[in-house]
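Alright, structures below, take your time with them.
Both of the next two complexes hold chain A, though its partner changes from chain B to chain C.
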Partner chain A sequence: MMWLVGAVVFWLAAWAVNAAVARSALGRTRGGRVFVPVLFGVTVLVLWEGVVRGFGVQPVILPPPSLIGAKIAGSAGVLWADFVQTVVKGALSGFVIGVGAAFVVAVAIDRVPVLQRGLLPIGNFVAALPIVGLAPILVMWFGFDWQSKAAVVVVMVFFPVLVNLVAGLQASERMQRDLMATWGAGYWQTLVKLRLPAAMPFFFNGVKIATTLALIGAIVAEFFGSPIVGMGFRISTEVGRLGLDMVWAEIAVAALAGSVFYGAVTVVERWVTFWHPSQRH
Partner chain B sequence: MKDTLNKAAPVIEAKGLNLTFQTGDGPVHALKDVNLTVERGDFVSFIGPSGCGKTTFLRCVAALEHPTGGSLTVNGMSPDEARRKRAYGYVFQAAGLYPWRTIAGNIALPLEIMGFSKAEQAERIERVLELVELKGFGKKFPWQLSGGMQQRASIARALAFDADILLMDEPFGALDEIVRDRLNEEVLKLWAATGKTIGFVTHSIPEAVYLSTKIVVMSPRPGRITDVIESPLPKERPLDIRDSREFIEIAHRVREGLRAGHGDEV
Partner chain C sequence: MKEKALPVLAVLGIIVVIWYAAAVWMNATWVYDQAERAGTTVSFAEVVPQTMAQDRPLLPPPHQVAAELWKGVAGQAVTSKRSLVYHGFVTFRGTMMGFALGIVLGVALAVSIVRFRVMDMSVMPWAIISQTIPIVALAPMILTVANQLGIDSREVPKAVISAYLSFFPVLVSMVKGLRSPDQMQLDLLKTYNASEGETFWKLRLPASMPYFFASLKVAVAAALIGTIVGELPTGAIEGLGARMLIGSQFGEPLIMWAALFAAAILAGLLIVAVGIVERVARKRMGVPA
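Then we have the complex of A and B:
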């Protein structure tokens, strides 16, 4: 009972503090803008802790955040190895290869319009394949290690980037292409100096979708065969052993990695497309 | 020197020019039997209602459209050859600056494509920015400038590579009257300073009369020339020349030409 009352009291107090800070001049300073969301996050954790302990919820159903924190601290070595295996080796390399391939194919499609009718439907078809069917096949082809996970990521990432970039390459205005023509610019000059820069806002839409797909693909692909390391492997085996605290620890790492990945792409996007109305402040 | 230039071949020469677009509703006669000679240093305005082919004619000169009949030469060459020789700068109705490049970067773009050295690019950018009174704005981005300043930057861009023909397609159509007056004055100054041949499409009778040495009146369906007026106005033109009797007489004749072209159609 104490836990429940304590959690509710903390929640109400934090709420009052946040409301006061947000309304005061402090809320517009840099520190204030960081403080408010951080206090909100802490409040969620405290409420979670209090409710789980207050009602005596089984850790298998929902462990309290303190237990998850302890697990993360206690098995940092395992979590790090899993992170490197799944995120760095599987997701990131697949992401780079997939985005790169989509880029090359998009330009090829643009240069040779026949390919648009041929390659786009194939890309569409591959993207429509269910990952639970595709992953075991790719594991058979590329082995149990990270290469097969990267292959799954390539397949998942390729299509959204391709479709967005192909659309983006059509986004330059006719007048701007006419201008290039009056200066006697060739295809490649027009591509590099006009059409690719104009396509970047579209391209980054695709890349941002791809970041989340890459992580999902790399983790889920490990369910279908992997060495005894990796986030997907750990999740599936720990669920079997009712080690739900480890599952939650992996989820926390995955959420953090996904947010940082997405955030990094957003930073690059802001740097590249600073000129676009959606980025001007 | 000036005389020898004047005796040279005409800058733009159209003979029996025809252009028919094939559309879903059947052929559209955009230009019919257009004959026109533009001499070096002329300031030629094309005026007429929408669909009279004035923009289409300019686009033919710039090799952005290809005539279906007749002959058209630019500096004695075909328009395509003239384009490869960078014979003209083109200014569109909208400034069409690239938002990811600064003003200086935008002016550098045609220079990069044409392979000018970095040093020469910088020197030319400085010169044309001064010419259009945008000195000091080179590091700004287009979206940080007003519409009139953007259009001046696009004129600077068209001037940067020293084409001797400047083609302007309603360059000030989207600007308000006050900015327009100022830019008209500036264009005249530019024309006097550079001695370029200018082709200028407009909807505005006062603009056409104020700027031109030659006014080409056109009418639609099919697009054709109904009158060519050689302006007797002096080369020096203060803004208040627009209240003079000569000016009003020319404007009247342009209006008559436009009305006659319209009457044919009914």
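Then we have the complex of A and C:
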């Protein structure tokens, strides 16, 4: 009962603080913009802990955050090994290959208008398909280790990046291209100095979608066969043993990896497309 | 129309040709192995037909996939467990539940985010972070928890996963849409002495509709992905995802490919359906086509 009351009181207090900060001048500052969501996140954790303890919820249904935290600290070695296997070997290598391939193909297609007009609708359609379904087939082709996971990721990230980059390469204006022509710029000069930079905001839209898809692909592929290490493998076996604290620990790692990955891409985007209106502050 | 269709058909043709070539290349290994075991040699001309009709091809050629797909769709009673129509319907039902749940959640969050600044500041960042979490990591656990709580149906966890993926596009677009009326329009309503509720119903909501429908296409595709992922790691017995899993476990590539294409067709139908709904809604709202 104490836990429950405490959690609710904390929740109401935090809500009042947040509402006050959001309304005050503090909410306009940088610190306020960080403070409010952080306090909200902390509130959710406190409420979770309080409800689980207050109602005596079984840890096999929902372990409290403190237990999950202890599990993360206690099995850091296993979590790190899984992280390396799934995120670094599977997702990252596949992501790099997939984005690189999409880049090359997009630039190649751009020279052939027929391909471009034909591929854009098909690519758009394929980008909306449940490509995760290819996972079992690719696991069959490339074996159980990380190569098959990387292959799934390659296929998943390829189309969103391709479609966005092909659209982006058409984003430069007629006037700008004419200007390049009057300066006597060749195809490659126009491409490198005008059209590729102009395509970058589109490209990064695709890459951002690809970051989440990469992690999804790498984890799903592990459900179809994996060595005895990896986040997808750990989650499916620990669920079977009702070790939900370990499952939540893996989820926390996955969430952190996903957010950092996304954040890193955003930083690169800001650095590359500093000129774009959406980046001005 | 014709200028548009021609390049698409050309690219499709190229894909089919590449596919056949890849099928020959990948399936040839098996034929050569068989021949070597039998102590005979085969010429390339003999290999090609043999790569086209294997029971367990590494990469089935298009006509084999099409035949399996046709067998699954038309060759069975619709209620049969082997019918792709049946499994497709199970997946469709899950998708619709998740889609509906995602729309409700996305719209509700968007409305409260536009209305309350606190919600905007505290919830919006977490909504973005939620999408960087690979939901599939949660999928097996959502199922176990639902089981523990005594929810026997496999529909609920599937719908939760699919709603988790589909609410985000709706949320982002609706926030944008509800904020799309410009200051002049808002000021005009103020001069009419419109209450906040009236402003919402008569200005903000209608103004957000184009954004809403644009997001639906993304959301329905996401909901389908969520449903199929929800069927994959869970030992589900029904649905297209389960067919893929069965094909994988029993080493039947044809089943996997047929289920994959059935899912692709379902995705296409859903997107077209949403497009039609959008067109009807736009017409009724008096937007010039």
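Here is the rule we go by: the second predicted complex is superposed on the first by the 241 of 281 C-alpha atoms of A that agree within 3 Å, B and C clash if a C-alpha of one lies under 4 Å from a C-alpha of the other, contacts with A are read in each partner's own complex, and residues count from 1 in each chain.
Following the convention adopted for this analysis, a residue touches a chain if its C-beta (ideal position, glycine included) is under 8 Å from a C-beta of that chain, and two chains touch if they have at least 3 such contacts.
Owing to the predicted nature of the structure, the values given are computational and were not obtained by experimental measurement.
Touch criterion met: A:118 reaches chain C, while chain B stays clear of it. In the superposed pair of complexes, A:275 makes contact with chain B only, with no contact to chain C.
Residue contacts after overlaying the shared chain place A:5 against neither chain B nor chain C. In the superposed pair of complexes, A:104 makes contact with neither chain B nor chain C. By the document's definition of touching, neither partner reaches A:192: not chain B, not chain C. For chain A, the partner that touches more of its residues is C, with chain B and chain C as the two candidates. By the document's definition of touching, of the two partners only chain B reaches A:178; chain C does not.
Chain contact summary for the complex, chain C toward chain A: residues 4, 6-12, 15, 58, 117-118, 120-126, 129, 131-138, 140-141, 143-145, 148-149, 217-218, 221, 224-225, 228-229, 232-233, 240-241, 244-245, 247-248, 251, 253, 256-257, 259-260, 263-264, 267-268, 271. Residues of chain A that touch chain B in their complex: 173, 175-176, 178-185, 189, 193-194, 197, 273-276, 280. On the side of chain B, the complex with chain A involves touching residues 62-64, 83-84, 86, 88-90, 92, 94, 96, 98-100, 109-110, 112-114, 141, 143, 161. Residue ranges on chain A touching chain C, taken from their complex, read 15, 18-19, 21-23, 27, 32-33, 36-37, 39-41, 58, 60-62, 114-119, 121-122, 125, 128-130, 132-137, 139-141, 211-212, 215-216, 219-220, 223-225, 231-232, 235-236, 239, 242, 244, 247-248, 250-251, 254-255, 258-259, 261-262.
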